[in-house]
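Each of the next two complexes has subunit A plus one more chain, namely subunit B in the first and subunit C in the second.
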Partner chain A sequence: MMSWDFLWRHTGRAVIFVTLCGLTFVVCFPLVWALSTSLKPKTEIFATPPTLIPKAPTFENYAALVTGRQQYFQSGGQQVDTGATPAQFFTRWFLNSLVVTLGSTLISIVVSTLAAYSLTRFRYWGRTFVPYFSLLGYMVPSIIFVFPLFLMMVRLELTDTLLSLVLGYVSITLPFCMWLMWAFMRSIPIEIEEAALVDGATRMQVFRDVVLPTALPGIIAAAIFAMIVSWNDYLFGRVFLNSLDNLTLTVGVMLFFEGTHVDWGLLMAACVLMTVPMAFLFMGLQRHLVAGFGAGAVKG
Partner chain B sequence: MARRLRGFTLSDQAVGVLFMVPFVLTALFFMVYPIVEAVRMAFFSYNPLRPDLSAFVGLSNFSYIFDDQLFWTSFWQATVWTSFSIVFQTLFGVAIALLLHQALPGIAIFRGLLLFPYIVPTVVIALIWRWIFNPEIGIVNYALLAGGVISERIYWLSTPEMAMASTIMLNVWKYTPFVVICVLARLQSVPLELYDAAKVDGAGVVRRFIDVTLPQLREVLIVVVVFRTIWTFNKFEEIYLLTKGGPGTSTFNLAVYAFEQSIANLKLGVGAATGVIMMIMLSIGSVIYLRSAGFAREETHG
Partner chain C sequence: MEVSLEAINKSFGSVRVLKDVSLHFPSRKFVTLLGPSGCGKTTLLRMIAGLETVDSGLIRFGDKVVNQLAPRDRNIAMVFQSYALYPQMSVRQNLAYGLRVRGTPKAARAEAVERVARILEIENLLERRPAQLSGGQRQRVALGRAMVRKPDIFLMDEPLSNLDARLRITMRAELRRFHLDLGATTVYVTHDQLEAMTMSDHVAVMNSGMVQQFGTPAEVYGRPANLFVAGFIGSPPMNLMPGRIEAENGVPVFANEQSRVPLRHLTQRLQVGQHVVLGARPQDLHLASSTDEASAHGRVWVVELVGSEKLVDIDLGGKRRIAVQVRADAHVREDDPVHVRIDPAQVHVFDASTERRVFEAA
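Showing the complex of A and B:
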């Protein structure tokens, strides 16, 4: 056993460091390769041997997506107009995704923050039941929610609208926002509020000036989770939406893949652009992730 | 608790109830209703193009499912998919968490990069997978051929076994960070005295892992495995976006089966009945979770 400790002290840290480097390379490689592909001109994408760092980096794929420029492909030395292409809708889809994500997150956060406060500060029938009901709710896969909700949207004549998606995403984000906010509110000491109440503050004042600022880290974490879930969803968008103008990014980008001609450079650029907002959110979330929410807090 | 509540006036209680109203309404519309409706639809025939022909059919959706060979195939494939995914996620997850639990320069960067796949949209991962695992032009086949590991191209997504393996790889890649997050959070709360005591007793690195770390991780691992099993078994997008359940039906799971019954076969009732079966299995899993997570104990604290 001594030999293990001896080895550990002298080489352990170096081995761990090298292992971590190797692991990180393997884990990040798919993303790095996508980024690399997105920066290559069409000729270099299929070059052998493949290049990890583009020899002639270009932003043409990104420019095509952002400006919605008409796409052409070469056919017998001639440029052929492919007609309406998904790239023309990219900025539109990006905005749609943004609207839907922010809308549903706002609803889920407001509703769950109010409810979590009520559940942890007042006593009435059913107050212990709600958090566990929410926990069960967020174990139910969206494939079960999606068709009943779709038929509900048909009846409300909301199909193929962004509003239908805003409402639909509430059913997948609300349960875990509720659970998370409840756990967070429960951990906030009640004494400061009591002091304020005794000093004559009204309940609404206490909620606005004392509770909300204290609960802000929890609210931010829950909001980030909700945004990630809504932004990344494909199923609801696929079932609820039809017209090209109304699609969200996930559904729209999958369209790039259909048809016989797959423009990998364009597709990878689209992938990078739809991952970037999540990367920023992730940086905001990192502290919260490991700092103790644990298993109950993350949706998968 | 009673002392705390004495200060609250009646109007105050009204505020408390008022705060609950939005949640109750939203939950009724968007959580309770869809589930109740899904259960109801399981006993009806429902063609979305001819909703007027919807009719009560009793248990015949269920007997249709149980007579359908594809359902049992999907069930079996889901089991294979889930088992392999969970085993690899847990092993890699614990290993990576242990590595990340060291005090090393730049550990925060490693942690960030290793957890990142968790928040990458499934659509993005599926498309990247299709690109790097493309048999003709993908980088993976190129690297394996150039490295002499394989002598002919592997058709990653178009042969049944490799398609299954590819979806498992995707799932492990995306969700191992979940295990890492949970295990890492737990590792950080293991009292250091336990390790010191073990060191005094002369336990080496390996013994300390087996005798101190593993027992401390037991609880969180049970929770993680149950959670991940429930979610993985019911996953839709990870499979559908990569293989559409194919080639043929070789990567169907129950969620893809339910989706195809509803969308392609226009049998929403059969899809809903599949959902009910999934919910029943999920409830069994949840009971195991609630038992093992020790919620009863938590309640007495709070």
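Showing the complex of A and C:
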């Protein structure tokens, strides 16, 4: 006879398993549906009953976004031209998003890593509480910062430029990145650096050869955070930018909803294309997050 | 390269960690800093390495004052208590790093690494990361990293403390041999007196930030300069008995309720009535058969067999005990009444108030 303990353990596992499956389904279903819709021809999108797997899969939506081809819509049996549409700007917006995300991430990472190194390795007034204060900014909603920052951008005559957005994102990602790097650097045993100093390295060599490789998992974590914030932001983009050429993806894709006609196929294809870079980034980098966590440096 | 420390002081906040430390380490000798945990050994070593600033005092290598010199300009090598290997580098890269940053050509680098790896027998580990090594192997890599550069001064901070007892014994001999081969001045930190005694040319015994005695292992063991050194060095520890000096036929006699020991060789050095502490190592005490040659009497409290010896704890009454070491085949049993013979030539006398040794007249 199976013992109660055995039963309990196994039902417990089953419950957890089913719950996780359910959660995964709830999380993934919209994505799957978006993918499915983006692959359907216009005639199939509102077909009843709805199809999960497109009967006649097509890449025309993706092609339209990538090539910026002229659009048409279906009216009775006719195809009618729509004139200029958001789809024509899609590649431009994608590029804008990429530039802004990479730019703000790069700045955040470089500055926060150097700042964290300084905070953990040198002695000066304020080094103990600066990291904690840096988190204060996250206790208020970021909408509070948008308008002051916007006014500053007006003064700097930077409105409606990608640079303004880069600076805006840096101002919200940097404090957290710095706190993260600070916590991470604190855990790197200082003896490794001292060993390198005794070995004959200069401060910069120590930083490059010993600190950076050891801090890499922390840097990657901070970079992922900064990228997600910048890539997914809508608020800052909406407030700071206005000419069509300068929009980022999140703001631009909202324009698909405007006008009388919403092309769901195009919209969904745009959403999928927006999601893909982040998804791949995650898959590629998550390994580094845990790998090589300073193991074996010090006795243990 | 000889190393001199002159009146070194160091405080962390309000805590004085080193107090007027002056030491002179002769060139090419193996010198050990020995002392209990927290006495400032690591701090002193880090100052020699240039990793810690000096509040006041001078550090000289040869004639040159190095107080302001960066670690990289001191031509030292250091083995850290925690080994501090570079986690992201292979063993080979760990060994070569010091040469690389100093601009040694690649071929010479490879050759030096191979040589050290051969000596330390870690040739088959060169491609591994520190995380994939055992404690003993990491320790060897740490040593190798220090050896590869031919330093003037070789600093080691308790390099054996993380190893098991057996490996520690073999490594003791190997470290001593490395020192001889390397020809550098070695400064070795430990709180293990056995390591200090077996490996060193000179020992600096430290306690609470002060040097208690500096001398050869034989001097430190044979003529401890004060009560701290007497109690710290030697295993089993020295018996220490407080008492007073009385006179008997013009000869000073150490006396307390349990024992009397004439101290003829210290006649000029002791005053009647002086409070002293008498120290006698268990190895220097003997069990006597008759009452007349004995200096103390008691009852066996506990007998411990320690390999080829027996350690006999004797209750002298008045809550006082004394340990005597005898051969393992001696017949002593618990509760036997015994007599202890204390050889006056082999005792150490310390002034009770200054805690310093009363030295024999020169």
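One rule holds in what follows: the second predicted complex is superposed on the first by the 257 of 300 C-alpha atoms of A that agree within 3 Å, B and C clash if a C-alpha of one lies under 4 Å from a C-alpha of the other, contacts with A are read in each partner's own complex, and residues count from 1 in each chain.
Everything that follows uses one rule, which is that a residue touches a chain if its C-beta (ideal position, glycine included) is under 8 Å from a C-beta of that chain, and two chains touch if they have at least 3 such contacts.
Bear in mind the structure is a predicted one, so any value in this text is a computation, not a measurement.
A.B. asks: Looking at the overlay, does A:286 come into contact with subunit B only (first), subunit C only (second), both, or neither?
C.D. replies: Only subunit B; A:286 stays clear of subunit C.
A.B. asks: So, A:57: does it touch subunit B (first), subunit C (second), both, or neither?
C.D. replies: It touches nothing on subunit B or subunit C.
A.B. asks: Who does A:198 touch here: subunit B (first), subunit C (second), both, or neither?
C.D. replies: In the superposition, A:198 touches subunit B and subunit C alike.
A.B. asks: Applying the document's definition of touching, compare subunit B and subunit C: which contacts more of subunit A?
C.D. replies: The larger set of subunit A residues in touch belongs to B.
A.B. asks: Classify the contacts of A:209 with the two partner chains as first (subunit B alone), second (subunit C alone), both, or neither.
C.D. replies: second
A.B. asks: Give one of first, second, both or neither to describe whether A:22 is in contact with subunit B, with subunit C, with both, or with none.
C.D. replies: A:22: touches no partner chain.
A.B. asks: Determine, under the contact definition given at the top, whether A:217 touches first (subunit B), second (subunit C), both, or neither.
C.D. replies: In the superposition, A:217 touches no partner, neither subunit B nor subunit C.
A.B. asks: On subunit A, which stretch or stretches are contacted by subunit B in one complex as well as by subunit C in the other?
C.D. replies: 194, 197-198, 292, 294-295, 298
A.B. asks: Residue numbers of subunit B touching subunit A in their complex, please.
C.D. replies: Touch residues, subunit B against subunit A: 4-5, 7-8, 12-13, 15-17, 19-20, 22-23, 26-27, 30-31, 33-35, 37-38, 41, 48, 51, 96, 99-100, 102, 104, 110-125, 127-132, 137, 139, 142, 146, 173, 175, 178, 181-182, 184-186, 188, 202-207, 220, 223-224, 227-228, 230-231, 234-237, 241, 255, 258-259, 262-263, 268, 271-272, 275, 278-279, 282, 285-286, 290, 293, 295, 299, 302.
A.B. asks: What residues of subunit A sit close enough to touch subunit C in their complex?
C.D. replies: Residue positions touching the partner: 189, 191-192, 194-202, 205, 209-210, 213-214, 216, 292, 294-299.
A.B. asks: Mind pulling up the subunit C residues that touch subunit A in the complex?
C.D. replies: Touching subunit A from subunit C are residues 49-51, 70-72, 76-78, 80-89, 97-98, 101-102, 129-133, 135, 138, 145, 149, 162.
A.B. asks: Could you list, by residue number, the parts of subunit A that touch subunit B in their complex?
C.D. replies: Listed in rising order, the residues are 1-2, 4-5, 8, 12-13, 16-17, 19-20, 23-24, 27-28, 30-31, 33-34, 37, 46, 48-50, 107, 110-112, 114-115, 117-119, 121-124, 128, 130, 132-134, 136-137, 139-145, 147-149, 151-152, 167-168, 170-171, 174-175, 178, 186, 190, 194, 197-198, 203-204, 228, 231-235, 239, 249-250, 253-254, 257, 264, 267-268, 271, 274-275, 278-279, 281-283, 285-286, 289-295, 298, 300.
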